[in-house]
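Both of the next two complexes hold subunit A, though its partner changes from subunit B to subunit C.
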Partner chain A sequence: MNGRGVHALGWLAGMGVAIGLAFVLGSYHTDVYRKMLIWVAMALGFNFLFGVAGQIAFSHFAFASVGAYGVVILSHQLGLPFGLAFVLAIVICGLTAFIVAIPATRLEGFYLALATLAFSQLVRVTIDEGGALTGGTGGLANYRLPPFFGVDVRGPWYTVCLVLLVAFTLWILTRVDASWFGRACRAVRDNPRAAEAMGVDIARARILVFVMTSTLAGLAGIGYAYVDNVINPAVFSLENSFLLLFMIIIGGSGRHVGAMLGAVVLYLAPFALEPVAGNHYMLVFGVLIVLAILFRPDGLAGLLRITRPGKAA
Partner chain B sequence: MSAPLLQVRGLTRRFGGLVAVSDLDVDLGRGEILALIGPNGAGKTTTFNLIAGVDRPTSGTIVFDGRDISRQPAHARAALGLTRTFQHNMPFAGMSLTDNILVGRHARFTGGLVDVILGARRLREQESAARRKADELIEFTGLGARVDADVSTLSFGEGRLLEVARALVSDPRAILLDEPAAGLTGAEVARLARIIADIAARGIAVLLIDHDMRFVLPLAHRAIVLKFGEKIADGPPRDIVNDPAVIAAYLGNSAGAAHA
Partner chain C sequence: MSRSRSTRLSLAAFAIALTMPAFAQDTIKIGVITDHVGGSKFYAEPVTRGIEYGARKINESGGVLGRKLELIIEDDQNKPDVSAAKARKLVDDGVVIFLSTTGSPSTQQAQTVSLETKTPQLAPANGADQMTTALDNPYFFQTGPLASVQLATLMAYTRKKGFKEVAIVRDNTALSQGFADSFRGGLEKAGIKVALEEVIPQGSTSAVANLQKVRGAKVDAIFQAGISGPEMLQFFRAYAQLGMKEPIYGSYNLSIPAYLTMAKDLMEGVIFADAFDPDRPDVKTFLTDFAKENSGGPAGSLEAYGWDGIHLVAEALRRAGAPDREKLRAALQGIDKFDTIVGAKGTFWSFAGGKRAGFHPQGAVIRVVENNQHGRVLQAGQ
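Up next is the complex of A and B:
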């Protein structure tokens, strides 16, 4: 069988298992599984921004909240048809990301991190002070995903939607990563001066990648909004942005497999660690991260490395 | 006769009170190898940076292929077919050798992210054309044995060849080489000289700056000598070496004499 066939079979098998799980899990495990899928989608996008394009940004959860609040406010608070609210929420994420990107991507490293931290706080304050529209610190609840063309998407079928969200995110990012644009992103990360000399418009590449990954975060946020049918500012807090960063570092920065592994392991770890270590499991994370940085800079993905060094996953 | 590919007129760059390059004219024709030489501090690197687009002139114009590029950013110049190598190798450390070279092809891809995501057919054709070109250049530069190596393990000379391949993969019309022989062994220098002659034979204009006269003069079709930012000679290498002003500039300067 050729490489393409193996690749297609891998996708099919992965999708089969991921969708199959949706139908066999009980209600408690379904909740865990759905949130894990959201984390995987978030980690994939953030990995592209941080691991592939080298942008240290902490705005990923802020954009997820823009997506989640956007769709819930537009469809349930303002009464727009769900399809329209969905599209508008995504457009709002893209536009917001574009506005943030223009000044922010001129900045590098530490300064970009600060600018995106400031943006995250701005979003948080806006939600907190949004009164009845955003539900303030208490958030929004008592809404439901409306029937889609007469079909009520709930139970395992909603979980399938989240599997498709992950697949869609992975598909887009894999395509982009393997293209001239993916190479340009890695080149800008590794050596901006040389990238520019090779014809890469650095500012344009940085803006595009920021808008693309932030919009994907918004999409994941929309997916999250209907997991519990509750959204509140705490879910999109900065702590989660840091956890996302840890997932990428432990999983293996710059590789899709790494992002997914990191998300699954770090999301599920507290469930295993809490009975043993109680609330101190964060301490275990900390030690793991230090070990990862010291001994395995290519993370968990490095342990099952199948491709050549430097090659994209 | 048609206008030269690259026409620099009245190029001047001041840093505060210092005039690094003064009223410089440079012509570079298709397939020509032009050496820009001169003792340390003559303004070679400043001139190089102005032409590459890393720095902007105080006054003067740079016309490439009939287009004034004096104020264009470096990436736009590369896209127009004016590429460069770095004196200190600048590989993309986290990427494969082939991908390093393919980055140089960036400007030749048309269409946006939507085409990428939808896998447009034109894009697939561009990608395979780019890969064919990269493979050809790996062969041309003799990097074939190192194609699977981590680029951080390349020797300095191999790194320089990677720079050359990366600058050629977009089929540029002119290539700027910043001290290409610096830091290379004798055998590597000889090999690089053959490669540069081949590049020019393909019709690509080559502008190289270097202060190693032994490397530059046998290779160049023409040389321009700079001293304190001013052109003191412009002509075929055999005339340059006998030019009294050049001899004085080099022999009167211990740094230059060491290389001459």
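Up next is the complex of A and C:
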């Protein structure tokens, strides 16, 4: 079997396991699994923005909230058909990201981080003060995913949708990463001046990658909206944005597998540590993060490189 | 006796012996969602302490329906998504009911689980009015003093003060916004103008700018609707720093003892709504017994919410006659005039008439901070 066949088989096997889990897990583990999948999708997008394109932005959860609130407000508050609301929510995410990207991506490093932090706060305040439309700080509840083309997507089938969301996010990002645009993004990250000298339009690349990853975050937000059928501002907090950054650093910045590993490990760690470490589990969690940064600066994905010398994951 | 028969009898005796401890140890599982690491830790943990103490005392007096209560406690980090996950874990673990002691958004999100799995859920201390209205969930019950009741009690107390213009100061949490909305509605209804509403966002390192605006507005009083500890500490620091004299009126959030440590000597004279009268004889007994039998400091109103909450569950279980979720829900809904430690003298919790917010409309009291302590009751009821 050639390399492409092995690659396709790997994808199929991974998808098979991920989908199979949706049908064997109990209620609690399904819940944790679904939320972990949302984190994985978020981490993949943020990894491309931060790890591949080198943009330090803290607006990822803000865009997730735009997607989540967008679809719920459009379909359940304003009564639009779900399909239309879904598409419009994604378009709103893309357009908002484009508007934010034009001024923000002219900034670099911490200035971009600060600009996106300000945008996140603006979104938060808008939701908090949105009255009945956004539900204010209490959020929105009392809605359900309507039948989609006559199909009621419930139980394990919704988990399958989230697996497909992750697969779509991974597929699109690996395709883009392998293209000239992915190489241009890495070049801009490593040396903007050299990239420009080689003909890369830096501003265009930065805007495109910001819009793409922010729209993917919005898509993940839409997925989250129907996990518990509740959305509230607390879930899209800055605290989670920092956790996302940790996930990328611990997993291995710039590598898709690293983003996935980081998201899985850091999301599940508190659940796994609590029964072992009691009330001090977050302390243990923090110590483990520090140790991981100290002893595995290339992230958990670096472990795969050690076990498979010469192979990039 | 034949050998085979004696073998069969021995096996039967062995089987009975094996199952006996199982019957003896058969418990009624009750879930508790608390917060040991997040922003609601400073009120969730004391409420949980009250639940644990209450369960211990119930078990010491023989349990309920001949069985001991077994608490299964989960930490939701005050994160709504984690709270829902932990609620599912408790349901999978076989609890007949779970009590939520953390923040309103977390309790709200866990409601989707109680509704979906038809498992009763009790929020013994949450006070946000929208908890029982945002979602039509017949399995959810709330006994914390509603923001609207606190406000009405505060209004009844302040009416005689003749205020014309006041300021509202809050943070950007769900409960705080709920309190502020209730305050505004009640104040405006009473003909008192809200000159400005200042928001101290979570993570703020100073509230001086907010309070400078309040000072500039020359209001008669400040209604403090904040619930987030660190931000409210900034409020009291700024108030003292600016030498302000406007009287402060606050919600039951200010009854949390941690404030007296965090904002030590900064809260003198603050008037706050509460649901706890330490001068009631039964409350005094509770406080004395709690201090005697528990380490980790004396009890206050928060522990009382937990104590009353678990006793309410025990009473509902007795009325249900079996640890069955549906019967327990019906029994809870049927509870009327349940005597509590919490609340003004002579008041009780009741879910009569299909209500799911059980706090008595006359249950709130007005207290004042004196000598850095939660002091006497100035007024009981509205």
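In the analysis below, the second predicted complex is superposed on the first by the 285 of 313 C-alpha atoms of A that agree within 3 Å, B and C clash if a C-alpha of one lies under 4 Å from a C-alpha of the other, contacts with A are read in each partner's own complex, and residues count from 1 in each chain.
Note that in this section a contact is a pair of C-beta atoms (placed from the backbone, for glycine too) under 8 Å apart; a residue touches a chain by one contact, two chains touch by 3 or more.
Predicted, not measured: the structure shown is a model, and the values here were computed from it.
Shared-chain residue A:Asp190: touches subunit B; no touch with subunit C. Within the superposed three-chain model, A:Met198 lies in touch with subunit B and out of touch with subunit C [touch as defined at top]. Shared-chain residue A:Asp31: touches subunit C; no touch with subunit B. In the superposed model, A:Arg255 lies in contact with neither subunit B nor subunit C.
Of the two partner chains placed by superposition, only subunit B is touched by A:Ser179; subunit C is not.
By the touch criterion defined above, A:Arg206 lies against neither subunit B nor subunit C after alignment on the C-alpha atoms of chain A.
After overlaying the two complexes on the shared chain, residue contacts for A:Thr137 are found with subunit C alone; subunit B is out of touch.
Common to the subunit B-facing and subunit C-facing surfaces of subunit A is no residue whatsoever. The part of subunit B that touches subunit A in the complex is made up of residues 52, 54, 73-76, 78-79, 83-84, 86, 90-96, 99, 102-107, 109, 113, 116-117, 119, 123, 126-127, 130, 148, 150-151, 166-167, 170. Within the complex formed with subunit C, the subunit A residues making contact are 26-28, 30-32, 35, 121, 124-125, 128, 135-139, 141-142, 224, 227-230, 232-235, 238, 270-271, 274, 279, 281-282. If you check the complex, the residues on subunit A that touch subunit B are 172, 175-176, 179-181, 183-184, 186-187, 189-191, 193-202, 208, 212, 254, 308-311. Looking at the complex, you find that subunit C touches subunit A at residues 36-37, 75, 77, 79-82, 84-85, 88-89, 91-92, 103-106, 108-109, 111-113, 117, 128, 130, 134-136, 172-178, 201, 203.
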